[in-house]
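Following this message is one structure expressed as structure tokens.
Letters A, B, C and D mark the chains in the order given here, with residues in each chain numbered from 1 onward.
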Amino acid sequence: MCRWLAYSGTPVLLEELIFKPTHSLIDQSLHSRLGVETTNGDGFGVGWYAEQDIPALYKSTEPAWNDRNLRELARNIRAGLILAHIRASTGTPAQQTNCHPFRYGRWLWMHNGSIARFPEVKRELTLAIDPTLYADIEGSTDSETFFFLAVTLGLEHDPPGAVESAVGLIERVGRSRGIKHPMQMTVAISDGQRVWAFRYSSEGRSRSLFYSTKMTTLRALYPDNPVLHNLSDETRLVVSEPLGDLAGAWNNVPESSYGVIHHGQDELRKFTPRPS
Amino acid sequence: MCRWLAYSGTPVLLEELIFKPTHSLIDQSLHSRLGVETTNGDGFGVGWYAEQDIPALYKSTEPAWNDRNLRELARNIRAGLILAHIRASTGTPAQQTNCHPFRYGRWLWMHNGSIARFPEVKRELTLAIDPTLYADIEGSTDSETFFFLAVTLGLEHDPPGAVESAVGLIERVGRSRGIKHPMQMTVAISDGQRVWAFRYSSEGRSRSLFYSTKMTTLRALYPDNPVLHNLSDETRLVVSEPLGDLAGAWNNVPESSYGVIHHGQDELRKFTPRPS
Amino acid sequence: MCRWLAYSGTPVLLEELIFKPTHSLIDQSLHSRLGVETTNGDGFGVGWYAEQDIPALYKSTEPAWNDRNLRELARNIRAGLILAHIRASTGTPAQQTNCHPFRYGRWLWMHNGSIARFPEVKRELTLAIDPTLYADIEGSTDSETFFFLAVTLGLEHDPPGAVESAVGLIERVGRSRGIKHPMQMTVAISDGQRVWAFRYSSEGRSRSLFYSTKMTTLRALYPDNPVLHNLSDETRLVVSEPLGDLAGAWNNVPESSYGVIHHGQDELRKFTPRPS
Amino acid sequence: MCRWLAYSGTPVLLEELIFKPTHSLIDQSLHSRLGVETTNGDGFGVGWYAEQDIPALYKSTEPAWNDRNLRELARNIRAGLILAHIRASTGTPAQQTNCHPFRYGRWLWMHNGSIARFPEVKRELTLAIDPTLYADIEGSTDSETFFFLAVTLGLEHDPPGAVESAVGLIERVGRSRGIKHPMQMTVAISDGQRVWAFRYSSEGRSRSLFYSTKMTTLRALYPDNPVLHNLSDETRLVVSEPLGDLAGAWNNVPESSYGVIHHGQDELRKFTPRPS
């Protein structure tokens, strides 16, 4: 199991998200409250959109709490769209090519959860990936396979549809081998403009996922909190675990649903795997 | 805070100590029960006496639970005198030169605990180290400084006396700067023949330390346990935390005392810092 | 390009092979004379047969010349059958799962060279691997794919035949895509009893490979050399580059051939890819 | 021996300096032409001035040519004052705390060369460091000791004077122990506004150092080169080795001298160690 956060809004230093909150991602890496594992020490990654077409990545197999470079970068890199992930491996090695977020062109992808009994279904799922993408698979995780399935199934044109199709495929392949609950997931995706965040599991008992309350509402609730006044109305966070204890700040993403964060009104919709 | 074990007895594969027990050192690295920190993920080290005059060391800054090489070595290296340590840093960087055990000639040293407000006393303590040893200090920890102080004060000739003198010196220097409780420690030392294990703290509330019950007694208690029958009468373990729940197997090392494990009757003695 | 050595004979400390010779593998990692690249700093690995059924592995992505653990282990591990490899990547990431030797059961495999335009043929070659082996592929190199093809094609029963079949398959797939010279290789294989060493390339201009002269002959040539007198008659080395300048000690493995080192008379035979 | 570069001028992406030039620092890490060692694979570091008061650092013990994070960061971080260093150790371990640039407040420092027979003089030199700085020493290199000596001797107020005093002290201490040529150095220092670059050795045969020709002159020489037209008149580089073969672009820093790069006219002055 892993922990992640996705941020979209007023450009902030990475450290504002990763180090400073009371129950920051770094704190979660040592003492996760809601995760299946309390320690998330099998590598981490941060992706952000900077001046290049393709987003920047920083990944490491050191535990996040020990990484001096992460601390330096977090203090010096400012971005308005950030995805960060700390990993607790479900079996595959701790190596940079297994760290999230995964990237394809402008797209970033991170996943908490797993494809059940992945070694048994890995080959069949990998064969379903577009052959022209095959050589782009660098690591050995279920999460990366899932990502390239979604790319194969149209991620660039219809992200929610592609994820629904990929999950449908994974469930079909898994069930054909007698796997009762093939998929457990929260997923975040971005193209640099929008963020999609999904919560789903075949068994209907998905990993935790929260989104932040609208800034206008939060400011009304806490008129004296200076942090909230520096953030634009559009600023939004989606997280595996709340970053602090501010009452009213965090809302549970319902089972089998996904949110879209973009310019204008954010949305929350139903997630339904598409049979393949 | 850290966790460690010292083993002396019938040669065993490292994995018998490090991976296989219910509450093995690897398990403790993720879920310590008695440590100040539950996660010990800031590097580890194993020292063992093989065919060379100086003992062998394997150290890594990866969390022990992720280190594939450790798993390989543990399955293939057999030794009769083993010291193993998992580190939870009290501030100094996670780097191999800060991992225990530290080595000087045939001597190995590991420490759980800390010298209080070490940055303030580091220079004065370092100046008390024999100038000819100065260039041998490779890392930046309090534990290594403590070790070289003990070497300076006669470790090779009278290990308990040298540790008592080093602690006396550290307490004097600390108290001269208003530090109330300068020393917190469990320490294990070996020269390849004997093992000394110390438990002490200036405040009289020391980190946990346990020694295993005599094999003859354990075998009488558990006549049907095959593991116990493969180990010689002289086999003994000293550990920060019990490796399992076998009733009667583990004994608390009392406050302000140390044990000596050697051929013949093992001993438990009082530890009294010597004023310097 | 990479450098490797395979040793079979009187048990020696790893350091006798890896560190001590004038032009040791460590020296080659910094200053290869015969390699395509002068620096081989993209990780390394050592495999040896110890007391377990499956051989032991130590792999690291640090340059071999900097790895303190390698130095420690080399001084303390003694074995009679050793494979060691230093890597200069041809594109895939420096990570432990890409370091040689690769292992399958009792089998070790290392490769110098490459499958030409591997990203283009990777999927087709991977599909030819036995599906039950698929999940055992941990890294992303051409060398590991080549290994699992050989396992699929009978490595355990007829190692030279399996390599000839794997190369035949790789050449067929490559040529079907217009690749003129699909294979460049020296390969070493062992099952813990025997060592096979291959030299071949589709273009007939293969990477260098040498085998050591018979110990009885070397001792006759150098009756006063004490090192040679400590090694059994059966001791043999196969290397990418000679480890020193002893005249008469090293013999070129001819193009398109392979050697077998085993109890009794070692053999040198012709290597002919088998059309698939 | 090491290789380094210091850049001051129009903000550029790090990759423009570190990866793109024909004979970039990355190329030098594998194939140095002018260094004592051809391979500089014992870690590296980059320091740059961003929005914080203290400069940012990225350091790694991986060879620079393999570091995927460096490639990512270099493509996404833009700065106007950059110091970069690749390390070839003269004996101290490859660990992040031994990587240059070293930092103290706003100050960065990097060094190519060595203090002769450093283990013999280390203690005496370290004792000459201001006791209040002692605990800031994190690594074990001569270069960091040299840096803190310069800080002790007034770096913040008179950088060239402090370096001259530090070298004077190192030479006195070395010569008192019979060391003929105690110092070999090129050094770069910055406070975020200015850069100082020194070339000196006790024997008068110093490591190579070059500074770039004035942009106005270069543009007159190469009126059609677009790169030169994007850089301000004040842009200047100081490097261990020229980054390319542009005739007229690189000038040798004379023996026993130092340059100052700042707003206004850059200067080249004589360097004379001050007796201590």
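General remarks:
Everything that follows uses one rule, which is that a residue touches a chain if its C-beta (ideal position, glycine included) is under 8 Å from a C-beta of that chain, and two chains touch if they have at least 3 such contacts.
Fair warning: this is a prediction, and the values are worked out from it, not measured in the lab.
Shared numbers divided by all numbers used gives the overlap of an interface; between subunit A and subunit B this overlap exceeds half, so the copies present the same residues. When subunit C is fitted to subunit D on its Cα atoms, the angle of the rotation, on a 0 to 180 scale and to the nearest 5, is 180 degrees. With centres taken as mean Cα positions, subunit C sits 41 Å from subunit A.
The set of subunit C residues that touch two or more partner chains comprises 68, 93, 96. Taken in their complex, subunit B has these residues touching subunit C: 50-52, 56-60, 68-69, 72-73, 75-78, 96.
Residues 30-31, 38-39, 41-42, 61-63, 65-66, 68, 89, 93-94 of subunit C are the ones touching subunit D in the complex. Those residues of subunit A that touch subunit C in the complex are listed here as 93, 95-97, 119-120, 122-123, 127, 131, 134-135, 137-140.
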